[in-house]
Amino acid sequence: MAEAHAPSTAQPAHGGGHASVRTYVNVAIVLAIITAVEVATLYIHGIPNWLLVSSLLLMSAAKFYLVVGFFMHLKYDSNVMRSLFVGPLIIAILIILAVMALFSAYILLPRTYP
Amino acid sequence: MTKRLFSASTARTVVLLAGVALSLSSCGWSLWDNPMTTVRPKSDFGRWSDEIFMLISWTTLVIFIAVEGALLYACWRFRDRPGAPIPKQIHGHTVLEISWTIAFAVVLLIIGIPTIKLIFKTQEAPAATALRVDVAGKQWWWEFSYPEFKITTANELHLPVGQSVAFDLHAPDVIHSFWIPQLGGKRDVVPHRVNRIVMTPAVPGEYLGQCAEYCGMSHANMRFRVVVHPKGEFDAWVKAQQAPPAESTDPLAQQGKTLFAQSACVGCHTIAGVSAGQIGPNLTHFGSRKSLAANMMPNTAANLAKWVENPDHLKPGARMPNLGMSGEQSKAIAAYLLSLK
Amino acid sequence: MADHAVPHAAHDPNIGTTGLDHRKMGMWIFLGSDCMFFGSLIGTYLAYKGKSLSGPGPHDVFNIPLTSYSAALLLASSLTMVLALAALQHNRVKAAAGWLTATALMGLHFVLNQVYEFWSFAVHEGLKLSTSLFGSSFYVLTGFHGAHVTGGVIWLLLIVSLALRGKIDARDYTKVEVAGLYWHFVDIVWIAIFTVIYLIP
Amino acid sequence: MATQAAFMPGAQAKEQGVLWSWLTTVDHKRIGILYGSTAFIFFLIGGIEALIMRLQLARPDNTLVSAQTFNELFTMHGTTMVFLAIMPMSAAFFNFMIPLMIGARDVAFPRLNALSYWIFLSGGLFLNASWLFGMAPDGGWFGYANLTSAQFSPAHSIDFWMLGLQILGVSSMLAGFNFIVTILNMRAPGMTLMRMPVFIWMSLVTQFLLVLAFPAITVALILLMFDRFFGTLFYLPSAGGDPLLWQHLFWIFGHPEVYILILPAMGIVSEVLPTFARKPLFGAPVVIYSGIMIGFFGFGVWSHHMFSVGMGPVADSAFSIATMLIAVPTGVKILNWISTLWGGSIRFSTALYFSLGFIAMFTMGGLSGVMHASPPVDLQQTDTYFVVAHFHYVLFGGSIFGLFSGAYYWWPKITGRLLDEGLGKLHFWLMMIGFNVTFFPQHFLGLIGMPRRIYTYAPDLGWNFWNMVSTIGAFVIALSFVVFIYNVIKTTRTGQVAGPDPWDGRTLEWSIPSPPPVYNFARVPTVHERDDFWLGKYGDGHGGKPRGAPAPVTAAELAAIHMPPPSYWPILLAIALSIMVTGIMISAYQIIVGGLLTLFLMYKFAMEYHRPPEGHGH
């Protein structure tokens, strides 16, 4: 990352330009389909819980990626912009997971008092 | 302008650091023996922590001397001399960097492994034979209950020597921290959950405890007293506590009892057979306690009368209201309470 | 269109020596920071999930069809937002203003849906801020998201008003792009909230 | 609107009066001076609070101040030193030095920079105004729930603290965004990230910590505000709420905050040592990566502040290991600093004294920190004076020594005059001695059981002597600052004129006049290496020849410099924001009026320069 962004050597980096209106519409259609599937899974009974949760998380991650990558042009943007957003996002997710673990410790590993 | 006073200042640095080291090594030792010392442990739990503390202390002392020594030596050896050429422009040394990184990692392993072992060891479930004590930290006093014996007392904790004790810590109001320095580390007393600390007092004697988490106005006055008894003595104490309170024939005490029973006292305090208030400390055997108001002062008639008259004056923010007792009334109540052996 | 930022770098105070736009970079950092903001709120919600002592639980109150419709609205508004940017970059200012208006209206619709949702939860389901941990954490989390959407709507409408007054053209596309980044971010936060809070049982 | 006239240095000030020119300034150097002087005043206030506490604790059962006052003092001392003294003193150096050291003419968003300062000032004044209302915050700088709940703290004191921190958080985050963009996007041509001075690197890491850590406390404070004003249950145990949620959110912010306080000082030391040892920083990339590691791991160790709350052995172990890991990059840094001195030709200036003091004292603070990384040991030490000693060795022995090193080092650049070296060394020795006399005995006090945050103690606990020693030391520290202030006053008029490069410096700021002109660099430099300015003077020692003096700057070059003109929107916006936030304590109407005003001013602020100057783009 260091040398790639030497001032005055970087390419002009502009949002837009790289994705066409057609791409945007296609992405939106995919987003709509995923959302529909997400909601539909709620009404199908008999899916094991782990499968439901993991598939919902997977689908929302896909939507997240599509919006960030295409609508926000991060897929085409400079590495600097990417790391400015993805780094904090990773820290935020890790902290959410850690907080969940800390607060569920009492449920998962109940301390038995005789 | 930047080149003067070199040798004199270095000498001063040396003297200063030598002084620091001296105070660390010599005058330190004689003063560890204090009523709330953490480095003269009197329980298994305290001793284990102290062992790791000493391990880390010696390790870090070696590092400390090495680092500060290197710093001072570098300052002396490489001081600017008149007419000195520009020093060689060294940018770094990869092998050195890697080796001291590894060295630090090794030191941390030395400290880390026993630490992790001890974390699990000290947080094991207590043995079935352990004595259970329910501790409630309240603004700004301590309640101790022994469910096996059906005893409740306040601000004075009595324990048998050599028996494992499991403290279950409750906080009805805000966060406190239960700490008896000589018997080992502290554990916070947190509303909404029950914390636990387990230890085995090893030496009979009297120890002091104190709340160690800021809990409001009189946090500094939330102290308690711990008595570790030889085995037989503890049983006797339990028996005495289980007995109904003594009836005094002293007229002043009798008058005090009447006053107590007729006033707002009964709303907060329990005295077996007299009242059943739950808010303030249980006073059934109040006369047997050595101190008053969460170990703030000796439990004497004069102190107690002052306390009853105006609690807030002695203990800022005290939750016990000023009941407007006259001097005579408070003296009577003090006489009654002190008769509750 | 400013396809050659570097030669102009000395003149445009918004373009840095890397050729990147200050405002855009600043917005990305803000969004990174906002990840931590919503991360803390979502963490709070999850830490308290299932720990309410009383009151209706999440799946007693949620109106999934309505919320799905809201989620679809926000996703659609993201599409109109990029279309607005694309139109402006081609200097089609009127079209851009139209897409921006559509975006803002969908955002507004989302907010109104949320107001209705809150109202019906409070009145029909008896879930208030002070009812239970669920009530507290749900309203604060989704409420702050709603506040973000409201801020975005105001921002977009201000840009529309500039466009209508002829004060925006292709040169100013970065302004719309930066507003767009914010808008899409609000959308992805909703993607996360929708799944984590509404859908996962 | 689109015509952003070239702002010629000094012209505006002459037309509009000195006060107005400072109120509307957007010059990063002036804002830096504002930050520095404001922070120093708050530092003195925090110091006076500390002295009163030390007086109270000098003797057992002392009655100089009441319990309530003492609790207010330690709350305000902590809050002031962290948020109103050390952070803005660092911000003063960020403001003044970052553009100079990366070869830029200003920060990325000059008006936003002014806004950060004015919001900081209003937050600081608001927080301290609580003294005037007799409602100084008394919940500790950490404000642990549920003591701060409406039930246990019904007075407005907690509101002052809560809203004050919220305001200060806005200021810090705005500054953070600004500096990140400035550093990443405004470096002089050729200054790659790895060629940046280490101070700039540490500043960059600090800014990331700021913008990523503050949201956590923002959320924690929002939850507290909702609890206190709108009846939510977040920290209410009787409704199932968990007070530990506050502690987690607070320390998710609070631990990175520790590095926010120390990393700038580490950066300063990394500049001062090479200059006075006349040798490059040893292992500069390692120092930089260590800083990044410290910053990143800083987000993963927060619960080591909570070993005593009963998280269970698994969490205790995980956070213990993570905390020990963070000691590695810290130790590596210290050894690199010593190696920088090694083989050098060391000139003992006051700035270097303070840097050496930093290394010596921070090492001690770091080593006692290793003790707390071990939960069993921490259980004995947490919330005792041992911890007080530890973090003062880090924050005073570390941050303050480092910041004063920077002050003596960059003073000539900022003012054009040198501080007196003799008085400087007197300041150093008084501070060094006073500091150790004050805080070293507190290790003993902690080990013999003295808890923190107590306003009084019994006479029979063996604490009397060391408390008295500590109090005496505190007054020696106070004396050292009297010497510093005298030095500043004396040299303002009579100090030796510094010239552009008094220390034979290595980085770009020494290549321009002292004090620098408004535009900093008449010609933006091109950078080829780290320590480029030094290499230009002396060559690289491997056959690279020194570069000659650059061609003189032409009038045409000067005329082409565009600097942003002053703006009064930042200060107005800061006032409006304060009106809105304080409305929470006063009335809903004030919130609405303040909010609308804020919105309006944000619009005016944004529209002041709707377009870049003419000539851009097409």
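All chains are identified by letter, namely A, B, C and D, in their written order; residue positions are counted from 1 within each chain.
Heads up, the rule we're going with is that contacts are C-beta pairs under 8 Å (C-beta built on N, C-alpha and C of every residue); 3 or more make two chains touch, one makes a residue touch a chain.
The shown structure was predicted, so the numbers you read here are calculated from the model rather than taken from an experiment.
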Most central chain, judged by mean C-alpha position against the global CA mean
D
Can you check which chain pair, B-D or A-D, has more C-beta pairs in contact?
B-D
Would you kindly tell me how far, in whole Å, the mean C-alpha position of chain D lies from that of chain C?
33
Using the average of all C-alpha atoms in each chain as its centre, how far is it in Å between chain A and chain C?
15
The positions of chain B in contact with two or more other chains are 193, 196
Residues of chain D that contact two or more other chains, please.
180, 184, 187-189, 211-212, 216, 240-242, 245, 252, 312
What parts of chain C, by residue number, touch at least two of the other chains?
2, 16-18, 20, 25, 29, 32-33, 36, 39-40, 44, 47-48
Contacts from chain A onto chain D in the complex sit at residues 1-3, 5-8, 80, 84, 87-88, 91, 94-95, 98-99, 101-103, 105, 109, 111
Sites on chain C touched by chain D in the complex:
2, 8, 10-14, 16-18, 20, 22, 25-26, 29-30, 32-34, 36-37, 39-41, 44, 47-48, 51-53, 129-130, 132-133, 135-137, 139-140, 144, 154, 158, 162, 167, 171-172
Report the residues of chain B in contact with chain D in the complex, numbered from low to high.
1-6, 9, 12, 16-17, 20, 23, 28, 31-39, 46, 48-50, 52-53, 56-57, 60, 63-64, 67-68, 70-71, 74-75, 78-81, 84-93, 96-97, 100-101, 104-105, 108, 111-112, 115-116, 118-120, 122-123, 139, 173-175, 177, 179, 181, 184-188, 190-193, 195-196, 208, 210-221, 223, 316-317
Per the touch rule above, chain A residues touching chain C in the complex are 5, 7-8, 10-17, 19, 21, 24-25, 27-28, 31-32, 35, 38-39, 41-42, 49, 52-53, 56-57, 59-60, 63-64, 67-68, 70-72, 78, 80-81, 84-85, 87-89, 91-93, 95-96, 99-100, 102-103
Using the touch definition from the top, list the residues of chain C that touch chain A in their complex.
2-6, 16-20, 24-25, 28-29, 31-33, 35-36, 38-40, 42-44, 46-48, 64, 68, 71-72, 75-76, 78-79, 81-83, 85-86, 89, 173, 177, 180-181, 184-185, 187-188, 191-192, 194-196, 199-201
